[in-house]
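Supplied in structure tokens, the structure appears directly below.
Letters A, B, C, D, E and F name the chains as they come in the text, with residue numbers starting at 1 for each one.
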Amino acid sequence: MRLIMSWLPSLITATPEEGFDLAIKMSRVGVKKTQPDDEIRTRLRAVYEKNADSLTAASHVIATNFQTVAAANNYWR
Amino acid sequence: MRLIMSWLPSLITATPEEGFDLAIKMSRVGVKKTQPDDEIRTRLRAVYEKNADSLTAASHVIATNFQTVAAANNYWR
Amino acid sequence: MRLIMSWLPSLITATPEEGFDLAIKMSRVGVKKTQPDDEIRTRLRAVYEKNADSLTAASHVIATNFQTVAAANNYWR
Amino acid sequence: MRLIMSWLPSLITATPEEGFDLAIKMSRVGVKKTQPDDEIRTRLRAVYEKNADSLTAASHVIATNFQTVAAANNYWR
Amino acid sequence: MRLIMSWLPSLITATPEEGFDLAIKMSRVGVKKTQPDDEIRTRLRAVYEKNADSLTAASHVIATNFQTVAAANNYWR
Amino acid sequence: MRLIMSWLPSLITATPEEGFDLAIKMSRVGVKKTQPDDEIRTRLRAVYEKNADSLTAASHVIATNFQTVAAANNYWR
């Protein structure tokens, strides 16, 4: 039951692309755990989505999480 | 006695999700050790929780700590 | 079929330079997944392309992704 | 004599928590080596301690140093 | 022919210092690939070269790329 | 002759503290290679030395370079 409900049951993915999607999810959960209010996050999203530096920062967090996911999957070699 | 009282007795967790929660905790302790005053942190929290870039930065720290926790757990493979 | 359509079928590249190009692509997809609207991204690009700190930040994301790609390729040794 | 005087005789610690404390120390020494004047650092501390983004940045540096300490200790496995 | 023309034929260098120079080159190419216009980059350079935080950020990107180059060279041990 | 003149003949140091000093040196050379003018750097130094966030950023670069130096020395285990 527990594993079914988990948002992060495993770092293993079938492909690099799915791993990248997982890294995006992890980056968003990192935000959500800090600001759990959906409405506030939606409002903030409308702002930072139109700021180039905010988007680069978001991409940096994804890159950091993808390092972890890629290592977990032994780089899908 | 000592280990029971420690906020970080081990980097080992049962699941990736618990590891992610530990990474969040480590990120917050990093802040708390720099600013130990609870009241000030609560006040600051009210501000940065509504700033998109602050939330992205918080997620970046979590991602960095999660790299450590994930490696410690051999990526829960 | 699936692999043909994937934007990231593999982290393996023939040369370091191709690996660097892949890191650039990953960095851009990280932005695109956060802001999927092509028109907005094009408009933002016109701004941050002329800001030195934005370019340095972009280069940092590329460097982070290149770490992953280089490790995946065993550094093309 | 030399090792006794060193602020960083070893990266090995008995527990993860002591390793985290060492990472905090390393982060502060990184600042101190750049700004050796105690009085100026004390004054600056009064400012950044009340800035949420400054605290997040401080936590990021600690997380980076903790990666090193944790690896040195083979993650206290 | 191809390898001769590549700006990044290999991550292997004879010495740590040459590896550091390569990391600088990679950091600059990361910028150049994002802003290919030489004239604009030259203009921006005149600005950020006189900004302390911009220089620190540039040094951070170099440090990140040097991690990759150093690992590729097995730390020139 | 060459090795004697190099500012970075090796990443190997006798102790962790010397490794930390080397990481500081690498961080400064990263700045110097971007802004080679000594006079400008001295002027900039007077500014960022009194800015808390600049000092934290400097400490972050040192932490990143120290990761490399520590790995090169197998963490002085």
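Criterion: contacts are C-beta pairs under 8 Å (C-beta built on N, C-alpha and C of every residue); 3 or more make two chains touch, one makes a residue touch a chain.
This structure is a prediction, so every number in the text was calculated from the model and none was measured.
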Chain separated most widely from subunit F, comparing mean CA positions: A
Whole-Å gap between the CA centroids of subunit A and subunit B: 16
Inter-chain centre distance, subunit B versus subunit C - centres from mean C-alpha coordinates, in Å: 28
Overlap residues in subunit C, where contacts from two or more other chains coincide: 51, 53, 57-58, 60, 64, 67, 71
Topology of the chain contact graph, where touching chains are joined (line, ring, star, complete, other): ring
Traversal of the chain ring from subunit E via subunit F: E, F, D, B, A, C
Interfacial residue positions of subunit E with respect to subunit C in the complex: 2-3, 6-12, 26-31, 33-35, 40-41, 44-45, 47-48, 51, 53-54, 57-58, 60-61, 64-65, 67-68, 71-72
Touching residues on subunit D, where the partner in the complex is subunit B: 15-17, 20, 24, 49-53, 55-60, 62-64, 66-67, 70-71, 75-77
